[in-house]
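Paired with chain B in one complex and with chain C in the other, chain A is shared by the two complexes that follow.
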Partner chain A sequence: MGVVSFLIKHRYGEYGLLSYIDLELALSVSIVASFNFFHPQTRNASVDQLLFNIITFTIGIILSTLVIRNICLGMGQDLYDGTIISFLQMRNRRAIFLLSYFIDVLLIGGLFLLIAELVFLLSSFTPPITWISIFISEYLLLCNSSYLIAILIKRPFRSFFISISLIFLVLGIEITGNMIIFNYLLPLDLILGHLAYYAFRKVQI
Partner chain B sequence: MSVIDAINLTKRYGDIEVLHGLTFSIEEKSITLVIGPNGAGKSTLLKIIGGLINRTSGYISVLGEDPWNSNKIPRKVGIILDRPFLPPYLTVIDIVKEVSSEFSYPLSDAKRLLEDFNLVHFMKNKVRELSAGTKQKLQIVFSLIKNPEIIIADEPTANLDITSRYEVYNTFAVLREKMGLTVLISSHIPAEILAFSTHVLAINNGIMKFFGKVDKLLRNNFLEEFYIVVDNIGKALEALKDRRIEVIGNQIRISGNLAEISKILSNAGVRIFYVRNSIIDKSIKGETGWE
Partner chain C sequence: MMRVGIYLISLGIFILVLGEITFPLNTTLNVNNSSMYIIPPWYEKAKVSVNSGSFLIVYHNYTYILLVKGSITIKPASILYGVGNASILLEGYKIFYNQSYIAVGIFLIIVGVGLEIIRFKRRKDHQF
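Showing the complex of A and B:
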């Protein structure tokens, strides 16, 4: 497996990825359980779309916080102490960025979507499919911003604190009931991801 | 044939210019010692060659490509730094396995490298549990597994004991002979590595002071003095009492004909452990303006 397995072992250790899968299963079950707590008579989330959005959005923030922790203390620390040099000696910068991004962000987000859909299916829970676009938009906004911040600042804890303040901003959007704007933020997420890639290409170690 | 070419290479951090228009060519299969005092720009130069930082202006080519934008250079150049950069929470064997797999290097050969560097006992240890010297050795093994064409070593022996230092120098010399490896090495103990080098690149304050073959660097117009470490200072002083000598710790500083001096000492039953010729230090300092 070479560099891919090397990066996964470095980021998640022996059982880190398995812990994420456990946690994502618990989060998915909690979406169904908490919705059912308020609406015991139905498993159809379209009955109360707002409630379902609030629940999934909150769960999305919880998952993003964990991933952001991994990004800042992973990529941020690697840039700070020079561990990234180990990987940059194995592939070019583009490949290392894409692999890191996949392992840190896409893998965890993708696994959550898969596990959540599986849990929804098994529990005969039928939410509207639009929750996926809102989740992706929120998740990528937080993760891509955090990636960009970690690369620009090159300090693990400082970038983590800045990313946490960003989480509070997103939480504020949720509390004020403006979650719908996340339907339109996907282009911004892609721009942030591209900026993170550009910053990584230019980062001096 | 040259493998590294630099023309007017300049690096600036804000208002501070750390490299001023360096121009040089590193020959294939050479061992080039990069010397200079602290803050001379050695690490910056080596990092530019390794593609870890970008130049501000000028031209640099490593194996015919710009190291900053190249896709191939990361795999062809091995980098060894004075500070450890390997993932701290991975075990030695994990690192060796993954790097061997990435570079299709036989694992049995990689394990032999671990044996050569006395790392076999640490295979199940995490990198963070290793001493600074052992981490340094692991970095060297990491670089060698890559089968690189060029090795860039920034004070690779900074944390190593004397035996390990010579092991590393010997390894570089052997690899150069066997595989045609080109090595760029910076050291704060230039006298030690000069014996293994073919070329010297001396910089001070970012300005290139000397570049050429080692024999061109050594100057004969200095007073030749020897620092000799012996087993019995008292006996040595008695044997050399009609000469002007100075005792520094457990070594003596003396000028004159080395063959005669060693004959007198051995006739007096004094064992010589180590001899260093001051010409090396003086030449280096003279060329670099190193105070």
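Showing the complex of A and C:
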């Protein structure tokens, strides 16, 4: 058994990824349905850009809440009770960090983008192409900062509560209508990811 | 090993079911003085009632009807021409309205079943 399938089995169990995929399909269908609830006569999302941004943003917050739960209670628990040592015996730290980051964050986000584009294609819903950048920057901001917090604190529940308070901060940004700031936050996400990598290399287990 | 086949089968079944379901979501639209209005095709049926003026309804097989007074229940994807004031009651919301979702869902299910059969055979060879 390779380290990738071992990590996937450790994080999601036998059928955990299946429920994520079904939930992502339901969430992307809900984008179409909730847009048509307000504008029943059209499926062109550039008619009401603000409404579409609010819908995508809320969906992104729901998805990143689930991923943050997986990061804090999975990675944080591994660091807390030392299960990560058994992974570190198989590969070096760099490979373990990149693989677990891919499986925790990038796999779920990429699958959501693929499934949402498939649903949009099948239902002839035409969003503006910038929805990908807004979704990715928000999702990566929440997930990378949660990764950094989980590695620095090394306790599952404390890091989970701190990440949840971060989600409320982002929700406040959405309610006050400053969502357009997330167009410019993508470099900050990359810096946060690099900081998480640096912290993982130096962490004492 | 990741069970990609199970994921594809689940996606295909989900897409087929979502295409078959009609959601009980009704809305009313008002049309004022429109030269051309396409009734949204993602609803099951539309009830056009004319308050004033006259409307020409063209179906997608190019038969047409002139509506001056009263109401009529038509299938969507028809086009309204006319001058006046009409209200349209739309019933039965669908997510996937054109027929391409059936092909995509069946394709995903077939690929998933194939992958599962390959995995099952390989596992059997490993065991014995």
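By definition in this document, the second predicted complex is superposed on the first by the 204 of 205 C-alpha atoms of A that agree within 3 Å, B and C clash if a C-alpha of one lies under 4 Å from a C-alpha of the other, contacts with A are read in each partner's own complex, and residues count from 1 in each chain.
In this text, a contact is a pair of C-beta atoms (placed from the backbone, for glycine too) under 8 Å apart; a residue touches a chain by one contact, two chains touch by 3 or more.
Worth saying up front: this structure is predicted, and the values here are computed from it rather than measured.
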Putting chain B and chain C on the same copy of chain A, do they fit or clash? fit
Under the stated touch criterion, which partner chain does A:5 make contact with: chain B (first), chain C (second), both, or neither? both
Which holds for A:23: it touches chain B only (first), chain C only (second), both, or neither? neither
Identify the partner contact of A:166: answer first if only chain B is touched, second if only chain C is, both if each is, neither if none is. neither
Classify the contacts of A:132 with the two partner chains as first (chain B alone), second (chain C alone), both, or neither. neither
Applying the document's definition of touch, where does A:13 land relative to chain B and chain C: first, second, both, or neither? first
Determine, under the contact definition given at the top, whether A:204 touches first (chain B), second (chain C), both, or neither. first
Between chain B (first) and chain C (second), which does A:82 come into contact with in this model arrangement: first, second, both, or neither? first
Mind working out whether A:43 is in touch with chain B, chain C, both or neither, as first, second, both or neither? second
Regarding the shared-chain residue A:91, is it in contact with chain B (first), chain C (second), both, or neither? first
Which value in Å is the smallest Cα separation between chain B and chain C when the structures are fitted on chain A? 9
In the superposed view, which residues of chain A touch chain B and also chain C? 5
In the complex, chain C touches chain A at residues 1-3, 6-7, 10-11, 14-15, 18, 23, 25, 27, 29, 40, 42, 90, 93, 95-98, 100-101, 104
With touch defined as at the start, can you tell me which chain B residues reach chain A in the complex? 47, 51-54, 70-71, 74-75, 77-79, 81, 83, 85-90, 94-95, 98-99, 101-103, 142-143, 146
Contact footprint of chain B on chain A as seen in their complex: 1-3, 5-6, 9-10, 13, 81-86, 88-92, 94, 202, 204-205
Please give the residue numbers of chain A that touch chain C in the complex, ascending. 5, 8, 14-15, 17-18, 21-22, 25-26, 29, 32-33, 36-37, 40-43, 115, 118-119, 122-124
